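Two complexes are shown next, each including chain A; its partner changes from chain B in the first to chain C in the second.
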Partner chain A sequence: MRGRSTSDRMLWALGTVVVVVYALVPVAWLVSLSLKPAEEITDGKFFPRDVTFDNYTGASGVFEDDQFRAAMINSIGIALIATLLAVTLATFAAYAIVRLDFPGKTIVLSGALAIAMFPPVSIIGPLFNMWRSFKLFDTWPGLIIPYMTFTLPLAIWTLSAFFREIPWDLDKAARVDGATPFQAFRRVIAPLAAPGIFTSAILVFIFAWNDFLFATALTSTDRARTVPAAIAFFTGSSQFDFPTGQIAAASVIVTIPIIVMVLIFQRRIVAGLTSGAVKG
Partner chain B sequence: MAEIVLDKVTKTFADGFEAVKEADFTIGDGEFFILVGPSGCGKSTLLNMIVGLEDISGGELKVDGSVVNDIDPKDRNMAMVFQSYAIYPHMTVRENMAFPLKLAKVDQDEIDRRVNEAAGVLELKEHLDRKPGNLSGGQRQRVAMGRAIVREPAAFLMDEPLSNLDAKLRVQMRTEIAKLQQRLETTTVYVTHDQTEAMTLGDRVAVLRRGEVQQVGSPKELYNDPANLFVAGFIGSPAMNLLPAELDGDRLRLPMVELTLPEDVRSRLAGRSGADLIAGVRPEHFEDAALVGDKLDDGVTFDADIEVIEWMGAELYAHFGVSGSASEHLADLAEDLETVGMSGGDGATHVVARLDAASGATEAASLPLWLDTSRLFLFDPATGENLTRRAASAPTDARTDHQPA
Partner chain C sequence: MTTTIPPQAAGQAPTRPRSGRAQSERKLGWMLCAPAVTVMLLVTAYPIGYAVWLSLQRYDLRFPDDRAFVGLDNYAAVVGNRLWWQDLTNTMIITVASVIVELILGFALAFVMHRAIFGRGPVRASILVPYGIITVVTAFAWRFAFDPTTGFINGLLGTEQSWFTESWSAYVVIIATEVWKTTPFMALLLLAGFTLVPDDLVKASRVDGAGTWQRLTKVIIPLMKPAILVALLFRTLDAVRIFDSVFVQTRGAQGTESLSILGYNTLITRLNLGLGSAVSVLVFVVVLIIAFLFVKGFGANLAQQRGER
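Then we have the complex of A and B:
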C-alpha cells in the first residue's frame, strides 16, 4: 500500500464500504425483522422500536417449534456427513488425477465438470421416483447422495489445483524415507493440502446447508427435512397471520452455522503453507 | 554400507525415449561415486532407478549381491538428498530429521540422540524447532543432509544437492560433504552437471552423454586419459583446445605448427596416414617458450598472436586464434557440451593457453609458445575415440572401459 496517494486510499475505502453495505443490508434487515414484535413487522422501519426475542424463544418462537428443532438436527447431520464423505472422496480422487497417469484422466476431469454444470432441477423428477422405489425417499442418505454428486466435481477441481502446487519431490522424499504410498499421502501430502481440503469442505457444506430444491422434493416429514425446506412449512398462529417474524428468526439462526464454519476454517485456509519446500 | 552393481541397467520411458542405455559399472562399498554429464543426459533417471523411484526397464541392479529391481524404495534403506531439498514444510527441522526414524519405528530416545548428533555435526542445533520456511538456502540444504544421515543408510544418493546455492556457499558445502562422507564411509552416489564438483569430490566418476556411460574412472584417469572426445571436452576447466589435424606419415599438421609424433603414438596411428584427425591440447600443455628451459626439445615452438590475457595471479590465460577449425566434426559435441566457442563456423579456432605468471606475454603481441607434444591427444573425428589413449591398449577392467560403438 505504501506509495499510494491519500485520494487513492479514500476511493478504495469508499468502494469497500459500498460493497459491504450492499451485501449486509438484507442480513441486517432480517435480524431487525426477527427482533420486532408481530405488530411492528409491517411498519416499514429499519430499527425495531421494542426489541423482543419472542420470535426466538417465545411461546410461538422457533425454538419451541418441534418441526424446526428436528429440521435443525437434520440440517446439521446431513450437511456434516455429506461434507465429510464428499471431501474424503474428492481428496483421493484429486490426488489420483494429479499424481497418476492413467488413460481417460481428462475424461474423468471433464466429466466431473459436466456434472457440476448439469442443472439439478432436471433430475428432480426421476430422482423422486427412484428414491421412492429404493426406499431412500425422506431419509438422510436420500439427501446426502445428491449433495455429494453435485459437490464432488467442484471439490475435485479445487483439490487438484492444490495438489498440483505441492512439489512431487516431497512425495518421493517420503517414499525414500521409508513411507508406504499411503503414509506419504497421509503424513506429507494431506497436511500440505489442508488449505484446499478446508476450502472444499466449506464449499460442500454451504451447498448442502443451503439447498432448498432437493430438500423440498425428496422429503415429506421431519425425518429428513432440512431447515431451508422447513421454513417454507412454517404456519402462523392463524390462517391470516403470516409468520414473518419466525421466518426471519429461523433465517438468522440458519446463517449462524455457516458463519461459524467459515470463521473456524478461515484460519486454516492460509495459503503459502508450502513455501519453504523448495529453495528460497 | 553397500556395494551397488549396475548390470546393463536400461530405462525406457512410456513414450519410448531411452533415457539410460545399458549402464554397466560397480560402485564400491564406501566409495564416493559421481555421475556427471550435461543436463538431460539421464543422471537423475539413473539415480532414481538406484533408489527405486523409477522402474528399471532392463538389466539388473544389485545391492550387496542381491537383485533389488523390484524392491520398494522404502525397503532399500537408501537416503536421498534432492536438488529441491524436498524438506517437509509443515514440519520443524527436528521433525523433518526424525521423520524417517519415526517411520522405521525407532524408539524416541534413540531418535532424539541421533537427531541431536546430526544437528551438532551440521550446526543446526539452534534451528531444530524452526520451520524450514524461515531458514536460509544453506540451512535448508543442511536439513536435507541431516535427514539423510540420521538414518545411517546403506547408501546416500544426492541429486545436484548444491546447485541451488550461491557460488561461495556451494564451494563451502562441497568441502563439508566430502568431509562428512569420509567420516561416515557410506557409499555415496552423487549427481552433478558440474565437472569441477565431479573432479573435486569423487573417488570415481562416471561420465554420461545421452544416456550412455562414456567412461568410468578416477578424476585423474578421466583428465589424463579420456576415452573419447566428449570426455576430453567435458572434463577440465578451461576446456581442452580441439584443433583440426592432418596426419602425414609421422608428421602431424596443426593449424599453427607442424610436428613429429612421438614413437609410441605413431605406432598406434599406423594405417591412418593422410587422415583428418582432431587434436586435443590442454591449456597447461602450452608454455611461454622463454620459460621452458631444457624441455624445449620435447615439444615444438611456434609464434602465437596473443589477443587477450587473463591474469589469475598464480598463472595467466593467453587467448589466441588460429586459422582452421574442426567445427564440422564438433557441432554435435558442442551442443552437448553447451559451449559456443567450439562450433564457431568462421573457419578459425579460439585457443586458450595456460602460462606461468612469470611469462612476459602481452596483449596484441606475438609470443613464442611451446607445445608439449608428448601430451597431445588425437581423436578420430567420426567416432570420437581417443587414438592416443594409454589404457586403450591394455584395458584393466572391462567395466571402466565402456565405450560407445
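Then we have the complex of A and C:
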C-alpha cells in the first residue's frame, strides 16, 4: 500500500476502535444486565456491582423456565429443518441456472428477487386462515414452510453466484483420468461447491433464527413458538415485576450461537452477502 | 436481466448441442427448478391472491356467519380511515430517517473497512454481530438501555427523559435501533461497491489536484452509484416492513404504529380477515410502488448488480 504517516495510521486505528465499540456495546449491555442481581437492575449503571447467575440458573432463571426451554428446542429444530430444505431446493435450482441452458431461467431469478422484496405482513392473514384449516397452525411445519420460502431467493442468488465461480471442467478432466461420474462428483465437484452451499446455509439459518412476525402470527403455544416470540411474550414468574433480568439472560443465550458463527465464518458470511453484488 | 449464458458455461459447450440434447437439457433445467419455483408460488403468489379474495369480503373470525362479498368496501374503509394515513406516514418517517442515517454511517463504515490496514478481521467480525443478532433481542437491548428505570442512557446524558412516553423520543429510539441493526448490511453492500472504483482513477484525480471531498463527490460516488442505489432499494423495502422493534418497544403507542403493526393488529389481534387483508394488499402495493420508483425513477439495475451479468 501507499506510504502512510503516523497520524494517518492513528486515525484508521481510531476508526477501527469506534466501529468495534459501536457493534459491541449493546451486546455488552445485555450481558451486564443479565448478570445483575434483582436489586441492581434499576440502578441505572452500565456494569453490575455484584455479578450473579441468578437470571440464568436461579429459581426463576431462564434455564428453569419451561417456556424458554421449549422455545429453544423449537427454534433450533425449525431453523435447522428450514435451512436444510431451502438449501437443498436452492442447490438444484442454482445448478440448473448456472449449468444448463433452458428458457425461463431469468424468470426464476427475477421471480426470486421479487419474493425477496415481498412484505411478509401481506400474507400472514391468508396463511393464518389456511394453516388453521390445514391443521398447520401452531406446528413446526407451519413455520418451516414460510421460512423456507422466504429464504429460497437469498439461497438461489447466493448459490448461483458461487456456482458460477466453480471450474466445472475439472469434472470432465477427472473422468478422463478414469474416475467414475460419482467419484468425480464426490472428489472434485462436491468439495468445490461445499463452501458456497455452507455459506448460504448460514444466511438462511440466520433468517429463520431471527424471524418474529411469522412466529407470533402463526403460533400460539409452546408447541411451535420460537425464541424471538417467546422472549417478546415472556412474563416471568412474578406478575408484578417486568422480568428484565431474565429477558436479558435469554437474549444473551440466543445471541451466543450467532456470535460464534460470526467469529468462525465471518469471511464466508461477507462473501455470501455481497456475492454477485459487484459483478457488473 | 440478460439471457446470455455466463462465459464459463458457454465455454463448455463450444459446439451447439444437437436438438435432442438441448431438449433434454431444457427438461432437466425445468425439473431442477420446479421444486423451488412451486414452493415460492404456493407460499407467496397463492396467498397474495387469496388475500385479494379475502379483502373483498366482510369476514370477521369473531362473527364467521356474517361473511359476505362486499366488493371494495374494505379498501374504502381502510383508505377512508385516518389511521391508515397516519401509519403510512409513521412508516415513512422511520424508513426515510433510518435509511438516510444508515447510508451515511454505512458509507463511513465501508470506508473504514476498505482502507483499514490492520484490524480488518475484528472490524468485519464485530459489524456482523448487529447483522446476525435477533431483532427482538436488539429491540429489548435498546429499550432497556433507554428505559428510565433500568437504563444507563439517562445517566449518561444527565437527563430525566422518559423515552417511551413521548412521540419524538420514541421515534429516536426506534430509529436508533433500526440503524444500529442494519447499518452493517448497508456497509457490506457499499463495500462491494468500493471495489468498482479503480484505485488508479482515484490516484490520477489526486495528481490532478482534486481534494478529498472532490475525489469523493466527483469520482468515487458517481462510480459507486449502482451499488448505492441497490443498497438503498434493499434497505428501503426492508425498513417499510418494520415490525419487530416497534412491537417490542412501543407496540405502536405514542403515534409510532407502523403499517406492519396495523396489519398484524387487524388480522391477528382483532381477527378481522377482510379488513386486515385489505391492509395487507395495500402494503403490498406500497412496496411495489417504491420498487417501481427505484427501478424506473433512479434506474436501479438489480439484475446487473446482483449476479446475473
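What we mean here is this: the second predicted complex is superposed on the first by the 235 of 280 C-alpha atoms of A that agree within 3 Å, B and C clash if a C-alpha of one lies under 4 Å from a C-alpha of the other, contacts with A are read in each partner's own complex, and residues count from 1 in each chain.
One rule holds in what follows: a residue touches a chain if its C-beta (ideal position, glycine included) is under 8 Å from a C-beta of that chain, and two chains touch if they have at least 3 such contacts.
Source: prediction; values computed, not measured.
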Query raised in the report: Regarding the shared-chain residue A:G178, is it in contact with chain B (first), chain C (second), both, or neither?
Result: first
Report task. Once the structures are superposed on A, label A:R223 by its partner contacts, choosing first (chain B), second (chain C), both or neither. Result -> neither
Query raised in the report: Looking at the overlay, does A:D169 come into contact with chain B only (first), chain C only (second), both, or neither?
Result: both
Query raised in the report: Touch check for A:D101: first (chain B), second (chain C), both, or neither?
Result: both
Query raised in the report: With the two structures laid over each other on chain A, which partner does A:P191 touch: chain B (first), chain C (second), both, or neither?
Result: first
Requested in this report: Check the residue A:K135 against both partner chains and state whether it touches chain B (first), chain C (second), both, or neither.
Outcome: neither
Query raised in the report: Given the touch rule stated above, what does A:R49 touch, chain B (first), chain C (second), both, or neither?
Result: neither
Query - Touched chain A residues, chain B compared with chain C - result: C
Requested in this report: Have a look at where A:I115 lands relative to chain B and chain C in the superposition and call it first, second, both or neither.
Outcome: second
Query - Overlapping contact positions on chain A, where the chain C interface meets the chain B interface - result: 101, 167, 169, 273-280
Report task. Using the touch rule from the top, collect the residues of chain A that touch chain C in their complex. Result -> 1, 4, 9, 12-13, 15-16, 18-20, 22-24, 26-27, 29-30, 33, 41-42, 44-46, 89-90, 92-93, 95-106, 108-113, 115, 117-130, 145-146, 148-149, 152-153, 156-157, 160-161, 164, 167-169, 206, 209-210, 212-213, 216-217, 227-229, 231-232, 244, 247-248, 251, 254-255, 258-259, 261-263, 266-267, 269-270, 273-280
Report summary line: The chain C residues in contact with chain A across the complex are 1-3, 5-6, 8-9, 12-13, 22, 25-33, 35-37, 39-40, 42-44, 47-48, 50-51, 54, 109, 112-113, 115-119, 121-138, 140-142, 144-145, 149-152, 154-155, 180, 184-185, 188-189, 191-193, 195-196, 226-227, 230, 234, 237, 240-241, 243-244, 247-248, 259-260, 263-264, 267-268, 273, 276-277, 280-281, 283-284, 287, 291, 302-309
Query raised in the report: In their complex, what parts of chain B are in touch with chain A?
Result: 14, 51-53, 72-74, 76, 78-80, 82, 84-90, 99-100, 103-104, 131-137, 140, 147, 151, 164
Query - Partner chain B, residues of chain A touching it in the complex - result: 101, 167, 169-170, 172-180, 183, 187-188, 191-192, 273-280
